[in-house]
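Look for chain A in each of the two complexes below; its partner is chain B in the first and chain C in the second.
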Partner chain A sequence: MLSSLPAAAIVAGGTDLVVRMRNGERHSYLIDVAGLSEIAGITPEEGGRLRIGAAATHGQIAADGTVRKACAGLALACSQVGSPQIRNMGTLGGNLVNASPAADSLAPLLVHNAMLALEATGGARTESLERFITGPYRTTIGKTELLCSVSVDRLEGYEEGYRRVAKRAAWAISRLSCAWALREEGGLIEDVRIAVGSCTPVPFRPSRAEDFLRGRRREGPVIAKAVEMVADEIREKSGLRPSFAYKLPVVRDLLAEELGGRSCS
Partner chain B sequence: MFIGEDLDRVDVLEKVLGKARFAHDLKMEGMLFGCVVRSEKPHARIVAIDLSAAMAVPGAARILSHKDIPGQNAYGVIRKDQPLLAADRVRYVGEPVLIVLGEGEEAAREVASRVKIEYEEIAPVLDIEEARRGVRVVHDSGNLFSYKKVRKGDVEKGFAESDVIVSHTFRTAWVDHAFLETEAGIGFMDEGGRIVIKSSTQNIHYKRAEIARLLSIPEEKIRVVQATTGGGFGGKLDVTVEGFLALAVYHARRPVFMRYTREESMLSNTKRHPLHVEYRTGAKKDGALTAVKVSIVGDTGPYASYGDSVCLRAAVHATGPYEVPNVWVDSRLFYTNGPVSGAMRGFGVPQLALAHESQIDEVASLLGMDPMDVRIKNGLKRGSVTATGQHLSASAGFVETLKRIEPYWRERKRSKKASGFGLGSMYYGIGNTGVANPSRALLEVVEEGRIVLHTGACEIGQGSDTVLLQILLETLKMARAEVVLDRGDTDTSKDAGSSSASRQTYISGGAVRDGALKLKEVLEEAGYYRGRSLSDIYRSLAGQGNLFFEGFFDPPAAGLDGETGQGVPYATYAFATHMTEVEIEEPTGTCRVKKVKAAHDVGRGINPRGIKGQIYGGIAMGIGLALMEEFIPGRTTSFDTYYIPTSMDMPEVDVMVVEDEEPTGPFGAKGLGEPALIPQAASIVNAIRDATGLAVYDLPCNMERLKGLLEDKKKR
Partner chain C sequence: MKRVEFTLNGKAVACDVEENELFLHTLRERLSITSVKEGCGIGECGTCTILIDNEPRYACLTLAAKVEGRDVKTVEWLGNADTLHPLQRAFISRGAVQCGFCTPAMLLVAYSLLLKNPHPTCEEIKEALSGNLCRCTGYVQIIEAIESASGKGD
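Here is the complex of A and B:
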């Protein structure tokens, strides 16, 4: 249907699309996919991963027992999106295809190495989230493609978190967000994953800071050095922006507090 | 029987059931939709207007300009200086230039978007400093708009006698009312050829008078009715849609409906005045205040609106609720090409409360005293003399509000390392400043054996309908079923003045009580209180032609001396103290308000549940003022760029009512509408100081500002 209709748009919740249409965006056809059972649900996959249907709502993801155990940062992020109404309508797939740099799901999905499954009449493909989003509100999705599901690493046994900064307690876009997951083994950081959202044009993983932390002790000076590296990586990605006077100190302090855990606070 | 009781709100059922018809819901057969074409320039001459593309749009009905105004193209509550439609010059972005009428909203907006206006730009005056320099002018008369003074004692002598002096400058931003229902209304011509306007408004008789001048027709030819109104906060005191609707109906002779989009409302409505307040306080070692010197400078935008009231009220209230022997206040507002600043809950006093309350806390800190003790020591009480030389002879329960908070203050304990507590106090004159502002009420005995209260006092959500009925019921000692409310219609009511200045309970309540006492006398004589039925009484009163009873009240205040500001600006004052607990998240600069204790001297509480509602709302608005709300011209467009608090931002609130009865008030009542807001932002700022050691002088103290202050502190 998508390939046969000219100027068609997919509705997957509509919490972004309807707002744009109220501001004048026009489409000849709207195809509502939110009710398709094939792209709904949350199911375990082969190889220790978890498949989240693109039509799963933020509300469903936030409440799902498996997600809360295996992908806790994502559950937390989805629970803080907008308002209850938006969480009950808006879907993960819609959030990804809209690709706002402030989307709450992006940072935790990066931490979980999300892979996206897309289908079109001509065939199917998978792509990593990092490659899928090419810029603010820009992705590689084709006009006739449908995002069907997202596959994520299960990180049971990790300590995990998500923090967002917003102008008020609810119904506010993230000014800044950080997702992280960490596992210690014998007093050393065995694995750590960090993602920063709402800061650079595309949310990203500061890989140099992650590499630095792996194998080190989780203690004050180490964390302090790592968060400085995160700030450097942000500056390299986007140059200096006026908003960084606020955002860089916040990224440092938030990550230091989160990654430092009990031992450093 | 009825006073001090939680009588159900008159409007509660129809509102919760969704049956109330707000101005946005009004419809009529064959109505046109009206919208406004507005200036896109802050300051410009209009060179040419091209309507050809606009009138070619299907559904275009008519386009009206200033040339179509038969009467005076100038309105304003205090000065008649604002054009309904700009003639040849525009002075702010959003200034109305044309009215477009179309067959339906979509057509009308399409027509409006096709209008082409050619401007010749004039260098605009965009901030207060620019306005003060006066090189560029908004009006040929110069940029100084209003200048008010208060002089008491000898302020230099006061400073010379002081042991500590605290000086700071405070700054606030433009704030939008953000009422839930944007400006809206409907207009039509009735069978008698009269123009009828139903709108979302805070005053009906004022609007009728403005329409009469605009159309140059007698007031009898106009009827203004208040539709159920979704909030006002001062933003629906000025003429909004009413003038446009009346002009449209006058020409089109068809019903016309208008409603603003949120973007249009944000752009065009008046704003809270941004004020810069230079404040100097002197005190003795024991905490006694010796002198206060305040210089207030504000941006009023290009037209008067309520600027004069704000300028004067800010000056009169500059010391806060404290007795200060030596006072010097200069209050000056300047014209700019920014948004029109006007009335907003508190008329400048919330901005001044930020200043005087911060100063008090800093005096306390310098002297090593508890801020509570400094407030108690200097607080206004019976027998005190205010900054304008007014002797407070009754109802002055300020210290009592402090005493009610005191036990909680003394026992306060931080819930977290980064939590803090702050006090904020205020006083507020009820009613308009130093001028007559009477209210009238009309009571009618009707055939069905009921009493009808006809009132022009607009219910804007604050609860005036219910309060006025309670005053009536208590005075007449009647059952609820025996009285009927008829509110907000210029055809049936007398002028009650605007729902502003926290005046309706005190002043319109006084008028209702006056009328009810006159009626009661007649009812007593007619045997009502001995069991005779009202319908029976109606028949004998109808025979005598004695069915209407008019009540009147005008508070006993007097004008102020122009040079010294001395006099009696208000008959009575409300007093309040809030104690606020905040939690600061230092990594992000986020401040959350956790708990508020709010003690208010209301004179007499007519409806306790209504009092709580007002205070909850005032606290919410105070949180917005303190932490998030700021209108930035050119950047703020709607609620996605203008954040107001949500229910999730609300703290736990504990309301304490102090009742120091006002002898001139109905059953001792004063007012509460604005006092509920005024001390809140100040108490938050003082709590932030307690939590972090940081002084906040500029509002809003949003995340960026607070984080910046925290970073600066780290570097020191």
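Here is the complex of A and C:
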């Protein structure tokens, strides 16, 4: 259908598309995918991963028992998107295809190594979230492709978090955000994953800081060193920006607070 | 034009709409439901809130074609001047209505909340109202009204 109709657009929740149409964006056809059962729902996958349908709303994801257990950071992030009405309408797939650098779901999805399943008449493909988003509001999706689902690692047994800074608590766009997941074994950090959103052109995983933390103790000086490494990686990705006089100290404090846990605070 | 059929405040409705028509305009201009207000028009102020299958949504971001087969409620569902809903009575007795522009939407959000959670905490009420602005800033009275009506609604 998508390939046979000229100038067709896909609509699910409509919270981005309808606003753009009010501002003059024109489409000859709209294809509503919100009711397609094939791209709805949240279901376990083989191999211990979780499949989230692209048409799942932020509200459904935030309330889902399995997501809250195995992807707690994502549940938390989805519960902070927009307002209750927006969360009842806006979908995860729409959030990803729109690819705002401030989208709340991106950082926790990176922490969970999200893989996207896309389909077109010509065939299907999967792509990691890291490769899918190429810049602010830019992705690799083709004009005739449909994002069907997102597959994520289940991180049961991890401690997880998501923190954002916005101009006010409700109905505000994230100015910066951090998602993380961490598992300790025998007093040492066995695995840690960090993602920083709204700070760089594309949300990213500061891999040097993650590598540094693995196998170390979760204590003040170690966390402080890792947080500095994250700040360095942000500067390398974005260069120096006027907003960094504010953003970098806030990222440092947020991450130190979040990763430090009870032992360091 | 395209015909959409749905349930509006308990009654079956069939209505011809433009292909790209916003449901907000269908309600106000074709069905004379003017309690649904157009405030910001971009899903930020909440005055156009309606319930679709009892969940609050913004009518200004809802395409009319999307309500096909759905259950739609506006404040007219709650009551009328002769038989007010307990939430409406509480809004009046607690002084939760000032200019009144945000009130229909506030009532619908409160009604939807109490359906799911008959005894919400103050925090839960604030969270439920977080997508609705009151420019008279009468939030305290609105929260108190919902608290006083909770458990007494239907």
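The criterion applied here is as follows: the second predicted complex is superposed on the first by the 265 of 265 C-alpha atoms of A that agree within 3 Å, B and C clash if a C-alpha of one lies under 4 Å from a C-alpha of the other, contacts with A are read in each partner's own complex, and residues count from 1 in each chain.
What we mean here is this: contacts are C-beta pairs under 8 Å (C-beta built on N, C-alpha and C of every residue); 3 or more make two chains touch, one makes a residue touch a chain.
Not measured: the values here are computed from a predicted model.
Looking at the shared chain after the overlay, A:Arg175 reaches chain B, while chain C stays out of its contact range.
By the touch criterion defined above, A:Thr15 reaches chain C but does not reach chain B.
In the superposition on chain A, contact of A:Leu30 is made with chain C only, not with chain B. When the two complexes are overlaid on their common chain A, residue A:Leu254 makes contact with chain B while staying clear of chain C. Legend: residue contacts after superposition of the two complexes on their common chain; A:Pro84 is shown touching chain C, with no touch to chain B. Once chain A of one complex is fitted onto chain A of the other, the partner contacts of A:Ala245 are limited to chain B, with no touch recorded for chain C. Contacts of A:Ala7 after superposition: neither chain B nor chain C is touched.
On chain A, the surface patch touched by chain B in one complex and by chain C in the other comprises residues 169-171.
Against chain B, in their complex, chain A makes its touches with residues 165, 167-173, 175-176, 245-246, 249-250, 253-254, 256-257.
Chain B makes touch with chain A in their complex at residues 586-590, 592, 628, 640, 643, 645-649, 702-704, 707-708, 711. The touching residues of chain A, when paired with chain C in their complex, are 11, 13-15, 18-19, 21-22, 30, 32, 34, 59, 82-86, 88-89, 169-171.
In the complex of the two chains, the chain C residues touching chain A come out as 19-20, 22, 41-44, 46, 49, 55-58, 60-63, 65-66, 109, 127-128, 130-132.
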